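Starting off with a structure, shown below.
Chain nomenclature is as follows: A, B, C and D, assigned in order of appearance, with residue numbering initiated at 1 for each chain independently.
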Amino acid sequence: MSRNNNTWIITAQCPSQLGTVDVVTSFLKAQHCYIAEQHSFDDKRAKRFFIRTEFEPQTEAFDAAAFRDGFNNRAAEFGMSYELTEPGFKVPVVIMVSKTDHCLNDLLYRHRTGKLNIDIKAVISNHPDLEHLVSWHGLPYHYFPVTAETRSEQEEQIWQVVQETGAELVVLARYMQVLSEDMCKKLAGRAINIHHSLLPGFKGAKPYHQAYDKGVKLVGATAHFINEDLDEGPIISQKVDVVTHSDYADDLVDKGRDIERLTLAHAVSCYAERRVFLYNNRTVVFSR
Amino acid sequence: MSRNNNTWIITAQCPSQLGTVDVVTSFLKAQHCYIAEQHSFDDKRAKRFFIRTEFEPQTEAFDAAAFRDGFNNRAAEFGMSYELTEPGFKVPVVIMVSKTDHCLNDLLYRHRTGKLNIDIKAVISNHPDLEHLVSWHGLPYHYFPVTAETRSEQEEQIWQVVQETGAELVVLARYMQVLSEDMCKKLAGRAINIHHSLLPGFKGAKPYHQAYDKGVKLVGATAHFINEDLDEGPIISQKVDVVTHSDYADDLVDKGRDIERLTLAHAVSCYAERRVFLYNNRTVVFSR
Amino acid sequence: MSRNNNTWIITAQCPSQLGTVDVVTSFLKAQHCYIAEQHSFDDKRAKRFFIRTEFEPQTEAFDAAAFRDGFNNRAAEFGMSYELTEPGFKVPVVIMVSKTDHCLNDLLYRHRTGKLNIDIKAVISNHPDLEHLVSWHGLPYHYFPVTAETRSEQEEQIWQVVQETGAELVVLARYMQVLSEDMCKKLAGRAINIHHSLLPGFKGAKPYHQAYDKGVKLVGATAHFINEDLDEGPIISQKVDVVTHSDYADDLVDKGRDIERLTLAHAVSCYAERRVFLYNNRTVVFSR
Amino acid sequence: MSRNNNTWIITAQCPSQLGTVDVVTSFLKAQHCYIAEQHSFDDKRAKRFFIRTEFEPQTEAFDAAAFRDGFNNRAAEFGMSYELTEPGFKVPVVIMVSKTDHCLNDLLYRHRTGKLNIDIKAVISNHPDLEHLVSWHGLPYHYFPVTAETRSEQEEQIWQVVQETGAELVVLARYMQVLSEDMCKKLAGRAINIHHSLLPGFKGAKPYHQAYDKGVKLVGATAHFINEDLDEGPIISQKVDVVTHSDYADDLVDKGRDIERLTLAHAVSCYAERRVFLYNNRTVVFSR
């Protein structure tokens, strides 16, 4: 494995300026930290800088609090926000689903086998159907039914679970309810949704049926952050599969399942490895 | 090679009904024709049948005229339109371009090396720039400049070349002028255009810049038949390539060139091998 | 869905000769069967013919036994072996595994959600580890430990399960034991194995470590029929994923899991839909 | 474009040790150079460090000679070899071909349209066939015929052209002659070859025919550095395409052409952008 139990990650972003990389790397050197892999990018249009560094402290007594204390001032000078991720850290996650389970099943499998750096705190659904599957994995399942009238109360319930579990990330693994504008605001930048089309193509409902009607030769899926504009949030990952004249709309739905779960798993994996940066309505994704 | 100099192709379509395959295959057997490869498909929604058959006459004296005479009555019973393509047939083609030459260069190369079953009769452009390239390949180049005022005269010139050369197919290899509705009607179903996006996403001008603004992680191209509704014609082929945050709009333009020329070449190749069927606003493409 | 509860499939192969397609299609017409999709191919080197036809009887009283009775003579004339598959038929399958469960989990999920036309009769393993997973899916689990000394007895146990369950197909979903030559013979053509490399590259043990040592930029997986020559059986499906310098051998193992399960699921799905034909050491796969 | 006419590139490698990134970045900061994009990687098995940095001097009077003078000492302390590449630099290249021109044509096209940062100094062939194509692009063509007896003299001629043109890189664009061990040594690490298989699978002659015989479902190409062991040099890029039972060996040859030229162009492009690092028998490729 490229990362071991001594590998820390520091990620940061700030306005473009001279010395942005150096502020991180010179500090790491001073702290006797060896850099195993580093990627930086400067968006020339947005004039914004991004960096992700995997490093290994060369002293046994590496002290994260002292590291932060020392680095805070330097970061402040550059207007830099940063995040320090410790070895083996797993992102606390709440997953939301409805009845369809192909994305959920995939995330649960990767979670169970330790191949995704997430810690699933709870699964929330507006239907009772998937409790059995979730329980088998030893995870809490919250069934919060919802109608047009009870939406705000239900979203309050959801929000409470997110708060109480300390979830950093919410994953909408085919949750088929439209979230209120207020909920979208609360979740902006901390919730990843899977949409079953290559956004911005085929926004809205039944994208595979739209795709069939257009006679496309490719279908795809988009994993994106939630923002206030439904189906328009910043894109993290997109994948496609080939289809033919012989695939009716229902076949596209079937074929799409593999693409959806692979795309969502990829986005969540990138997020959990601190490879995703959000700014304006865009993402930087430092892939392997 | 799967096809040799004795391989004929018969393609046909008609309304769905009992005996559609048999009408073709029993006739082929009666004519002592061996079927090397066959593909048929019935669109259950449109209730329409499609078939493509590669066959090899087992008698030396195979007579295409007699074959047609014999088959016409049977086809008529089924409301079947069909086409018989002789061994080594090359589709007479007129290519239209503007200044950008990546698609043209690719088609010329495949044509020159005999890897595309087309016979390029002429290249038409609204700019003089690409004459040198076309002349080197020994092909006629028509420079027909156009302004808003002269569009109908210029399209008349184009149409005349199409007529005089006997072109069956017009290939718009990045021809950057909008065609009149009248011209679109004339070319409907017999002209293939390459659009530099995954239609119906990013219709209209500057699709790569639209794609950049949306922060997509994939760009693509679409080869489609021309119809009256610009950028909405029946899709023949679509391909994609991966892009990252590090690709600015100009980089997408650069990356897109390979996808565009591969997608267009694929569509033209499928057409030339009689693998493409057009109906309603869709295509059937029997790929290898 | 392209197939409904009235869609039968007939598949056949025989030596190349005049009238091979007609023998099938004229009989179907005579039986008042409508052909929804058909694909035939003639291997010119092997001089062997293959056909797959989806058809829908237009009479309510379609009688499969009578169909077979009627067709047997015609097939015999052509030296044609054929198979008639009824609507909704699911292939009886026995799955064999060791400790690794990514392929098994994937097959169980597709089976549970009805997306794979197989009927899993039993799972056999040389380890007890995966019983919990299999039991949760309500399927029998046979733990047959094996040592070099007990191989023939253990294979006898396996064979007995295959016989008793009436399994048509055995799927080796990362079964990490070498089968005896005798067992390979018994399973030849009726067992699909997943090998974690692009065969014939990286045969034998630890293919990802071999791949890492060679510094490849792609890894892949191969689903193939078992035959007597280990890792040399006829290939059904192959898929790849991109890797980089940053992926160590263990990372390749991780990345490979998705490719392995998608490749195996694809091969099993093609088999179950009667799209795979075996001859000499090759396959014909009529994909959608 | 991500790079403009003020973008310099520094690339370096050295043994793994504390401070490897800092030695580069702190110097760049001291020289008032802004880092636009940076990628570093440490191979933990080989204990070797690699870095590629795109930077923009913020002072008008940036002096490359002074930069080198200043950096040499620091680099020496780390045992670091480095390369400084100026804005707009094009790698001087000699291309070698035989009769097949699909890779050559592709490289010439990209060169002509300015999409590949190479400066083609000459094309060398053991056949006269491609002179016309090369001359049309205004480039020198050397026809050096070769027989088993004249190999060493011919290779001497080649080497002289490489020397005289100051070529940094030799591209073997389907040069179908085996090079002598001596020539391989001379070209080791500075010549890129395209092999028409997914090495190490199907080494040696006629790889597509080998692939056909094995019944593979994917074919591919490998661009690799030349070393003394033919077909075993360090891999830079690999790509694949799907094939079916319907593709005979000759069809694989045809299909492979697109993959070959895309793979070779990708490798040459990565090299020209200073994204490729060679060590032991491996490469690091920092892709976009």
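Here are a few things to note about the model shown:
The rule is short, and it goes like this: a contact is a pair of C-beta atoms (placed from the backbone, for glycine too) under 8 Å apart; a residue touches a chain by one contact, two chains touch by 3 or more.
Just so it is clear, the structure is predicted and the values come from calculations on it, not from any experiment.
The pair from B-D, B-C or C-D that reproduces the interface of A-D, where over half of the contact pairs by residue number are the same, turns out to be B-C. Of all chains, D has its CA centroid at the greatest distance from the CA centroid of subunit C. Subunit A and subunit C, compared by their mean Cα positions, are separated by 36 Å.
Between the Cα centres of subunit A and subunit B there is a gap of 41 Å. Chain contacts: subunit A has residues 2, 37, 41, 44, 244, 246, 248 touching two or more partner chains. Contact residues of subunit C toward subunit B in the complex are 2, 16-22, 25-26, 28-29, 32-42, 44, 58. Chain contact summary for the complex, subunit D toward subunit B: residues 1-2, 37, 101-102, 105, 109, 113, 115, 136, 244, 246-248, 250-251, 254, 257-258, 262, 288. By the touch criterion stated above, subunit D contacts subunit C in their complex at residues 41, 43-45, 198-202, 214-218, 220, 234-240, 244-246, 248, 281-285, 287.
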